[in-house]
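Below you'll find the structure I mean.
To keep things simple, chains are lettered A, B, C and D as they appear, and every chain counts its residues starting from 1.
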Amino acid sequence: MSMEKVVIVGASGYSGEELVRILSQHPFAEIAGVTSREHAGRPLAAVFPRFAGTRYAGLAFIPSTIEDIIATGARIVFLALPHGVAAGFAAPLIKAGLRVLDLSADFRIKDMATYAEFYGEAHHAPELAAMSVYGLSEIYRGQIKAAQLVACPGCYPTSILLPLIPLLRRRLIKAGSICVFSMSGVSGAGRTVKADLLFAECNESVRAYSVPKHRHLAEIEQELSAAAGHTVAINFTPHLIPVNRGIHTTIYAAPEEGAEPSQIAAAFAEEYAGAKFVRILGDAGNLPDTKMVTGTNFVDIAWRHDPRTGRLVLLSAEDNLVKGAAGQAVQNLNLMCGWPEDAAL
Amino acid sequence: MSMEKVVIVGASGYSGEELVRILSQHPFAEIAGVTSREHAGRPLAAVFPRFAGTRYAGLAFIPSTIEDIIATGARIVFLALPHGVAAGFAAPLIKAGLRVLDLSADFRIKDMATYAEFYGEAHHAPELAAMSVYGLSEIYRGQIKAAQLVACPGCYPTSILLPLIPLLRRRLIKAGSICVFSMSGVSGAGRTVKADLLFAECNESVRAYSVPKHRHLAEIEQELSAAAGHTVAINFTPHLIPVNRGIHTTIYAAPEEGAEPSQIAAAFAEEYAGAKFVRILGDAGNLPDTKMVTGTNFVDIAWRHDPRTGRLVLLSAEDNLVKGAAGQAVQNLNLMCGWPEDAAL
Amino acid sequence: MSMEKVVIVGASGYSGEELVRILSQHPFAEIAGVTSREHAGRPLAAVFPRFAGTRYAGLAFIPSTIEDIIATGARIVFLALPHGVAAGFAAPLIKAGLRVLDLSADFRIKDMATYAEFYGEAHHAPELAAMSVYGLSEIYRGQIKAAQLVACPGCYPTSILLPLIPLLRRRLIKAGSICVFSMSGVSGAGRTVKADLLFAECNESVRAYSVPKHRHLAEIEQELSAAAGHTVAINFTPHLIPVNRGIHTTIYAAPEEGAEPSQIAAAFAEEYAGAKFVRILGDAGNLPDTKMVTGTNFVDIAWRHDPRTGRLVLLSAEDNLVKGAAGQAVQNLNLMCGWPEDAAL
Amino acid sequence: MSMEKVVIVGASGYSGEELVRILSQHPFAEIAGVTSREHAGRPLAAVFPRFAGTRYAGLAFIPSTIEDIIATGARIVFLALPHGVAAGFAAPLIKAGLRVLDLSADFRIKDMATYAEFYGEAHHAPELAAMSVYGLSEIYRGQIKAAQLVACPGCYPTSILLPLIPLLRRRLIKAGSICVFSMSGVSGAGRTVKADLLFAECNESVRAYSVPKHRHLAEIEQELSAAAGHTVAINFTPHLIPVNRGIHTTIYAAPEEGAEPSQIAAAFAEEYAGAKFVRILGDAGNLPDTKMVTGTNFVDIAWRHDPRTGRLVLLSAEDNLVKGAAGQAVQNLNLMCGWPEDAAL
């Protein structure tokens, strides 16, 4: 069987680097190109010493142009670019008939007014946003298989949506009661050279940010609304904690009248039957711990019912760079190509 | 002016060590004794190398007996002991006329049924629990001044109560809507030798614990109920994060009908007028960051109103060993002795 | 091709856990059993939540007895046990004809007087020590292939020997001038529940230990002496730093008279030609950084000549749990079975 | 007694911030001004939220001009500026009769050729370099008292010189045998916004840098040569480890013929008699641990003799921002003003 060629555009950030790491193990996909404005011409291992001695060590970065990308012969392209930059690549690649896995926020939002509200400008390619599939693998598996443009979810949304969607779809919780609290490792901010991301500013520190309106709320509420069948607004507060990797989310939600605790377990079992990367820890035993998922594509989900307040507590953990970014993108690649969903993962 | 003698019982834990650090700078109090079953006879600096070359380096640990404590001539005693052990010391010391600052949970709970529910056994000295004053300095300042037995609050409760009490007292938020998430550094677990507190188990890890019913809920709800004038039950989830020190708390609460955002600022300004250790960051600008308070007795409080859900987001940060333990205990000592509230702090 | 069955004895420590992680990816080896006195009967994923959903999640721990091990049908056994305990398993397993990969220090030392000096008691099975092969893969490749008992090196020795052996073998440095300084992550101490390994005691801390005579000196000097052709004594100081994984070693050594800097590069190139896991960074460009090797079986080696003092500075980095323990053990397994040396690595 | 006014020039870096922290506790010195090009006009607490509610919270930054500095009426000025920038301030301030405590490298080197070799350009004010006193408090106490210009040592040099000078002065070790390894927390790199200082690049990482010729070698060798009475060249390798604060140094040195181990202890006792901030841990018991000195002006020194190689192992620990920078600068201020050497420390 010949290998499917893929290209990673913008491979010099953390998500791009993680894509290289994962795809280096892929049995069916071959990295035909990595692009970087800054590093064009340099071999991968010169930019990422970690990859010396591995499969793609000698692969040289190519310039980030449409022509160079198409010239690789790849038919599938990962965009690991900042918000706003990805859209400029997606349009010509789609037009040229390639399939695109976009890790940025550019095509996640379906409602253009919401996009403008959260991202501060009108969307440049609403027709592409309309045709994109939201790449939450377990929820949109069927559509992803056939998609030409997959908008991979943000790291926080993945950790929040997977615990909530099964419950909202089954009317087990009150949408208006959802209160979310997440903590992320610093790699979630990308390889951005900013003073407040310096080691000595993050270590021995924890702080909330983007309160009360983080951009990820746009896609979170879009998908929660789709699951609930009506418009949902929630509270969400992200916190930066001194770990490299890992997102932990804790959610409070009030059960709907008449919903039984036992229905929670049933909902998860049903929704995620056969989902290899969702580990349901249940309502007893271990709680999610990021160190149990870092370096893997798993998301761990547990819950507890609090009889004192009546609320449900939902907890999840994932690796923000794997299930929260590159891993889920490769999971989507596997779906798109009809390979085993866990190839290389 | 002669120095007031104090004794620290159980000085070998993190809170005890922190008491020594703070009291080493105290202009009016003198450490007349430190006790330890394990270290009796050894000088302080032999047990804590950090104190070599400082004021109390040569002070030898004395046995943890009532006689030894009384023999120091001290009239005020700090109990930095595990839950359940402190009560055995408090009773005879109180009887002997000494004043006691207890850092354990033994005398924080007024309702004996609640105590039994959360601590798993009947209280051994209900009459002492009845006479104790809850040592949340800013809230019980007057009673602390005259108290013989002060039950210093837990680390989490301090970070949760200070933002909430002013709002509950003024009926600005709905008590039933309160949802609390906290994160604590690992020193909060004490110098307990357990596998899950090893470096390699905590570093690059974050996890919730004691879900949904952490013991601190007992005192938190007791004090929230007192502020609200009726019984309050809340959700509270503590998380362990890889920092040595620091607690960060994020709270969601729904405003009462008719409550205006501007009343929030007024409530804090009024409640904490003259409170040196409560820094009100307000509803704009900086959010609390634990690194801004570690090593200090400050608690930083900020809030944001979310017009999308109508909820209020309250955020606070403190050093769990200072304002959350030893610092607040010294603040209470200062109140009890009529010294400046910030002496040594 | 049928899978080769292996057993991991003592799988509940960090090295044992890492063996499971690596062998889970192995194309030719199958874990036929994991043993644990403490966890016998429990499935692997119940003890290590990280492995839920992976290949061996349901494999139940068996008791740590020779009978149980042999009953698995495995012909190769990993011993991931504390020093002193491994020897008791090795003897009967060897007698029963199985091949043993021991990760402890029990069979590394050939000279029984040296063993007694460093380990404080006479060796219990000198005949096994005599027949064992020191499992430094790149140096003893040929002997390992045929060995029945492989004594895998300690984590520090691997990082020290690989840079030094090529130079001593070629008389390029003066053996008496070697000064070694290493730093290790806390997992190197094992899952040992001791107060000084608690998070709050290791974080924001660095300290040397076992000065001046760490036990690893015994094997380091044994192997340096073998390379030099005469007895070598060196200085070695290990330091504990707040990372989970990684060893970094810096070495000073004086060149032999007449040795040319260019010969250093030639020595490494010659010695490690075809060695997939030794990455020679050379005398310019990147210096070793543990984050470039964690999670991999690579060891990175660089050097600089200092014309001011005439000394050579050698630097290396490895993952203490991979190339420094479980990874090298699997590399040796591959050699013993005639598989590609990098299978699963 | 009226307060002595001081100014901190360049107060927005870590050393400047630490000077503010320490001087906030000073009983005799008053911060009359803090300067910053970037922050002029803003109050201290707006730039450093940590200082809200403390003594100088409201002190506004003034522009970094000579006129503004002189206009404060201060007679002593701290320069917490980058290398090369400090010299431009020192000259006019010295000419105006002020006393200057420079924390940069600008005036540490006496030999102008050495300066040019290590700093890559000719010195701009050799006459100031000639008049400056090297501010290693314990070694130059007498000269510091009378100095107009004190060149405070670098963080690494302090940790290296204090263990070595007493031994070199007494001919107890061979100068040519000195091999130094140091590890520093990331704050040592300053608040420099560079990619390799990002949290995710430093956490779970350790690496050497500036091998084999770090700039601090210039001052280290200058002072070792002065102590030895002849030119000394050493090896020194700094390593970056993931802690905020702390430097740990390990040194190997060969004793001079006839030097007795007992003379080591005597040398330290004699040299540092009355030195409050040098804690001699000796040749048994605790080894230095950075967490025992962070936040303090102490430097801890221990040693071991290795009979196997004959070498001496010297170990030290300090807080790079306190004894390694701001603390030692204040210690020097105290000497210059005739105050107790430990005022505010």
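Things to note:
Throughout what follows, a residue touches a chain if its C-beta (ideal position, glycine included) is under 8 Å from a C-beta of that chain, and two chains touch if they have at least 3 such contacts.
Small disclaimer: the values here were computed from a predicted structure and weren't measured.
Chains touching both chain B and chain C: A, D. When each chain is reduced to the average of its Cα atoms, C sits farthest from chain B.
Separating the centre of chain A from that of chain D, both taken as means of CA atoms, is a distance of 46 Å. Taking each chain's centre as the mean of its C-alpha atoms, chain A lies 37 Å from chain C. Distance between chain centres (mean CA atoms), chain C to chain D: 39 Å. Contacts with at least two other chains are made by residues 201, 203-204, 242-244, 289, 291 of chain B. Taken together, the chain C residues at the contact with chain B in this complex read 14, 185-187, 191-195, 197-204, 242-244. Interface of chain D with chain C (complex): residues 176, 179, 181, 183, 201, 203-209, 211-213, 233-235, 237, 239, 241-246, 248, 250, 252, 287-291, 294, 304-306, 308-309, 311, 313, 315, 317.
Those residues of chain B that touch chain D in the shared complex are 49-50, 52-53, 204, 276-277, 279, 281, 286, 289, 291-293, 295-296, 298, 300.
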